[in-house]
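What follows is subunit A paired twice: with subunit B in the first complex and subunit C in the second.
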Partner chain A sequence: MATISDQVKTSMAVVQRVAFGIGILGLGISGAIFGFEKKQFFESYLIAYIYFFAIGAGSLALLMIQHVSGGAWGFSIRRLLEAGSRTLLLLAVLFIPLLFGLPEIYPWARPDALKDRIIELKSGYLNVPFFIIRQAIFFSIWIGLAFSLSYFSKKEDETAEQSIGWWFKALSGPGLVVFAVTIGLTSVDWAMSVDVHWYSSMYPVLFGFGCILTAMIFHIVAMILLYQGGDLEKYLTKNYLRDFGSFLLGFVIFWTYLTFSQFLLIWCANLKEEVPYYVNRISGGWQFVTIILAIGHFALPFLFLLRRETKRVRSSLFMAACFMLLMRFVDYLYLLGPSFNPKHFHLAISQVTSLLGIGGLWLSFFIYQWNLYPPIAARDPRVVKEPVHGV
Partner chain B sequence: MDAPKVKIYGLVAEFTTPTQIVDAANQAREAGYTAMEAYTPFPVVDLHEAVGFKRTMLPTLAFFGGLTGFCTAFSLETFTSGGAPSFITPFLPDWFYYPLNIGGRPLNSWPAFIPPEFELTVLFASITSVVGMLLLNGYPRIYHPLFNVPRFSMVTSDRFFLCIEARDSKFDLQGTKQFLEGLQPYEVSEVPE
Partner chain C sequence: MATEVSPKGPNLRPDPQPPMVEGKYNFDSMTEKIAGVIFAATPKGWIVGFAIAFMILQVLLVSVTYLIYEGIGIWGVNIPVGWGFDIVNFVWWIGIGHAGTLISAILLLFNQTWRTSINRFAEAMTLFAVACAGLYPLAHMGRPWFAYWLLPYPNTMQLWPQFRSPLEWDVFAVSTYFSVSLMYWYIGLVPDFASVRDRAPNQLLRMFYGILSLGWRGGSMHWHRYETAYLMLAGLSTPLVLSVHTIISFDFAVSNLPGWHATIFPPYFVAGAVYSGFAMVINLAVPIRHYYGMKDFITDKHLDNMAKVMLATGLMVFYGYGVEAFMAYYSANEFERDLMMKNRVFGPYGYFYFALIFCNGLVPQILWFQKIRSNEAALFIISLIVNIGMWLERFVILMSLQRDFLPSSWGQYSPTFWDISTYIGTFGLFLSLLFLFCRILPMISIAEMKHLLPESHVHSHKDSHDHSDSAHGGSH
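Presenting the complex of A and B:
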């Protein structure tokens, strides 16, 4: 039976308490900012919220992917993914404040919105009541999936029935299809409709994949930190880590492919209704964020992870993952920042406080959820198989 | 009876069990031999470490092949479309200079250049990998010297072979032969080049 080492256990308890404190403090300051800068508060809150939502939703997607695909990598982080997917419960609660700020964020929710002919045509889908209904349905589906997968996981631990494996697959296969559809609609609801005249068919894929990428990076960091010491260390051997390094490399390349394709198609077509999105992103200071992303989110990790050894060595993979975690935030800032502040680069104080606030609460909730289950699903059929690679 | 002098590729020892060959490879490595290779009918656990397997330079070759492909596509597109800096363009020959106005876009339309750059990177990297693999495997020689040893054909059924190659700095025909015989093989043979 694999257990967490005592040292990790004690530091986890400290981190949980400190994170909770920071979370309350951060949200408190954000709340104070709300008093005199309502618009700024909601904008910052949405960006910070999407960042942590991505980890929760991405965990659910990865959990379902590893249930249908198998593989030693999925087995080694399965409990982390389950804990991550259960944080969607907290994220649903944290979404509620946004409902009070819809007119601050979305042009289509403003009282005079229907004077705009384009918004009027879109109003059948983009209206406040339907928006709230959609979010309620989506969150119920995600939370339902996350908790039923965890429920069967618990049952598997207790009863060791082989038939439970069927349930994982039966939930995960259709679950992935449902997830793809709901996350795509979510991307339109939360982020794309900020630029209400603009549209891109690449956007939902980019957003959904962004969730999976962010979650994968977070779990690489979490795994390396939490499995240290004790008998969990065997899941940090070179052959395991190499899988995660390869995932990271492949995901970074796919992110670049999606991001660049969206840009290239719009750039080539050069249509009046499509280009403003990128004009905002290559002017007024935001062009430097674009360059930072091109270098930090693609060129550096690509060249760094290309080598075989960097993917297998714990310290270098950890470094790369931490750096990518930062870059993911820059990417989410880039996703919405230029739409909120088109003329000039802007990073508000409330951005930092809401990031700390949501992040602190989220992290302490994640640790709480992770402690509920044994760290390794000992009755997973994959546990008996040694991770032997053909290399 | 003196046999005509032939160039020696190495010495090969034949073993009958996987355990024997792993032990033998370990002893050979500890004795200081570096240029050796094991040949077995199926993958043997730990043998990889025992022979001290080293990665080849193929990944490095492929990387620079890819880089060459990228630079080729980049310069081809930039120079032919007239996107190069103005101090270069006068020196370009006519047949290499087509500054076309496409939908009012700048001559140096680098975003549109990226897909071909990507394609040529992949193409050059794959060609370098395949050609490099063949060359590192000893092309144009199209067979492995070990097949000069008749008994080596048993490697596909039930025999395990450990070959210490002549390029090893510690290699010396008599001494190495004695060393290999000390490992209790079924047989030790010379491998002619």
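Presenting the complex of A and C:
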């Protein structure tokens, strides 16, 4: 039975308390900012919220993917993914404040919105009641999936019944289909409709994949930190780490592929209803964020992870993952920042406080959830069967 | 090539291979089984099959000859539908090739042993499909003898290709694809050529296969270089799975046309290509394993896995249709909305759209059931339907051209006899090549199959093989 080492346990307890404190403090300051900068508060809150939501939703997607596809990589981080997916419960609660700021964020939620011809044509979908109903349905589906998968996981630990494997697959296969649809619509609801006239059919795919990418990066960092010392260390061998390094490399390339394709097609077409999205992102100071992403989210990790050794060595993979975690935030800032502040680059103080606020609460909740279960699903059939996939 | 593994490492690979070979084989009987096909007397069924394929090939020759003689006026293309069957079939054939690359390269990198028995003929299928595809753009030039003008070579005519056109990108994408796939296929064949050479009944055949095997003697240095080259080519092929069909999707998406200019096109085209490719592999694998008695090598597990890939990619494609339809509504752009409803769904070829949803979206859903996935007759039929569906998809996309921005310039497309005969003719080319391939080359990789045998893993309890360092583990 694999257990967490004592050293990690003590530091985890400290981190959990500190994170909680920072979370409360961050949200407190954000709340104070809300008093005089309402719009800015909601904008910052949304960006920070989506960043942590991506980890929660991406964990759920990865959890289902590994149940369907098998593979030792999934087995070794299964409990982290389960804990990550259960944070959707907290994320659903943290979503509620946004409901009070819809008109601040979304042009279509403003009272005079229907004067705009295009918004009027979309109003069958983009209206406040339907928006709230959708989010309620989506969150119940995600939370339902996350907790049922964890429920069967617990049952597997207790009873070791063979039939439980069937349940994992039966939930995960259709679950992934439902996830793809719901996350796609969520991307439109939360982010794309900020630029209410703009549309891109790649966007749902890019957003959904962004969640998976963010979660994968987070779990690489978490795994390396939490498995240290004790007998969990055996899941940090080069054979395991290389799989994660390869995933990271492959995912980074795929993210670039999606992002660049969307940019190229819109830039080439140069249509008045599409191109403003990128005009905002290559002017007014935002062009530097574009360049930072091109270098930091693609070129650097690509070149760094191309070598086999860097993917297998714990310290270098850890460094790469931490750096990518930062870049993921830059990407989410880039997703919405230029839409909120099209003419000039802007990074508000409330952005930092809401990031710390939501992040602190989320992290302490994540650690709480992770402690609920043994760190390794010891009765997963892959413990003895599955070979390591390596790239 | 065993590498260091932490002594504390969990024993996750006591037995590196899932049962991907059924029946009892050793090295010798396996070579005999696969290479034996080549030197056995030509089966009657093969002669009949090849004769039919070769006759269909003549249809292609007549069609292309007449096309070159008369010009592309013999096709149904017109204004506004400037691209017709030729691009539909071009995209369809190229798409089919993708499964070969995915199986041979990506599944190799992921250490999926089930690729081993199907990779050889899947790669052959890739090459032949790309050959069929390549004919269409050449033929559509009208003056194919000027095809070399597409290449940026130094010339005195001040000729310079239009680099801003995705059609020009196609030239590079497709030719790279073909050459890398050919090299990869050939490198994989080298050790097998040697096995065949050693069994050749006479001097002439020994020389023929001997030359092809490049003097292979099976020394450890040979294996070492072979595996390095093989792995590097796998790495090179991997981006091609994405790039080729991405460029093809750009042919449509870069233009400013509703129904074509959709940013989701690149990944959705790639998924569609893999989808149709796997359908074609199943369509080929089922008859081959029957006719040549290869069920021990191409097992039910293989078919099951391929069906799963088909289901997954099929769902992605279906998702793509959904996103397209949703975005047409969400865009609130009158042209996008009209195209979707008045042309695509309820237009002159509206029934094609419903047929497409049926073939590509609904029918494959029965692959969720294990019972269907283990029934090869059902799989064969579903794969046929998927191939039809993928053809319909390209046709439906193309028919966006019928409704121009002004009703006065609306038109309609219908294929002529020569459109259809050219399409049928390419099947002749594809099948003729495939029949020849089955007759003179080992259609399953002998060298790689041997790695699946228990005899290959005599050391596996002592040292763990680092499978990614070499393509197939360490012992030979």
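As a working rule, the second predicted complex is superposed on the first by the 384 of 391 C-alpha atoms of A that agree within 3 Å, B and C clash if a C-alpha of one lies under 4 Å from a C-alpha of the other, contacts with A are read in each partner's own complex, and residues count from 1 in each chain.
FYI, a contact is a pair of C-beta atoms (placed from the backbone, for glycine too) under 8 Å apart; a residue touches a chain by one contact, two chains touch by 3 or more.
Remember, predicted model here, so these are calculated numbers, not experimental data.
Colleague: After superposition on the shared chain, which partner residues are touched by A:Val188: those of subunit B (first), subunit C (second), both, or neither?
Modeller: Second partner only.
Colleague: Which partner does A:Gly173 reach: the first (subunit B), the second (subunit C), both, or neither?
Modeller: A:Gly173: touches subunit C, not subunit B.
Colleague: Return first, second, both or neither, reflecting whether A:Cys268 touches subunit B, subunit C, both chains, or no partner chain.
Modeller: So A:Cys268 meets both subunit B and subunit C here.
Colleague: Can you tell me whether subunit B or subunit C touches more residues on subunit A?
Modeller: The partner that reaches more residues of subunit A in the superposed model: C.
Colleague: Once the shared chain is lined up, is A:Leu306 touching subunit B (first), subunit C (second), both, or neither of them?
Modeller: first
Colleague: Is A:Phe247 contacted by the first partner subunit B, the second partner subunit C, both or neither?
Modeller: In the superposed model, A:Phe247 contacts neither subunit B nor subunit C.
Colleague: Kindly classify A:Trp255 by the partners it touches after superposition: subunit B alone (first), subunit C alone (second), both, or neither?
Modeller: A:Trp255 sits against neither subunit B nor subunit C.
Colleague: Per the contact definition in the header, classify A:Pro204: touching subunit B only (first), subunit C only (second), both, or neither.
Modeller: In the superposed model, A:Pro204 contacts subunit C only, not subunit B.
Colleague: Once the two structures are superposed, pull the subunit A residues common to the subunit B and subunit C interfaces.
Modeller: In subunit A, residues 264, 268, 308, 388, 390 are touched by subunit B and also by subunit C.
Colleague: Can you check the complex and tell me which residues of subunit B touch subunit A?
Modeller: Within the complex, subunit B touches subunit A at residues 43, 45, 55, 59, 63, 103, 105, 111-112, 114-115.
Colleague: Touching subunit C in the complex: which residues of subunit A?
Modeller: 72, 118-119, 121-122, 125, 173, 177, 180-181, 184, 188, 199-205, 233-235, 237-239, 242, 257-258, 261-262, 264-266, 268-269, 271, 273, 308, 382-384, 386-391
Colleague: Quick check on the complex: what are the subunit A residues that touch subunit B?
Modeller: 260, 263-264, 267-268, 270, 306, 308, 388, 390
Colleague: Once bound in the complex, which stretches of subunit C touch subunit A?
Modeller: 4-6, 8-14, 16, 109-112, 242, 246, 250, 253-254, 256, 261-267, 315, 319, 322-324, 327, 329-333, 368, 466-468
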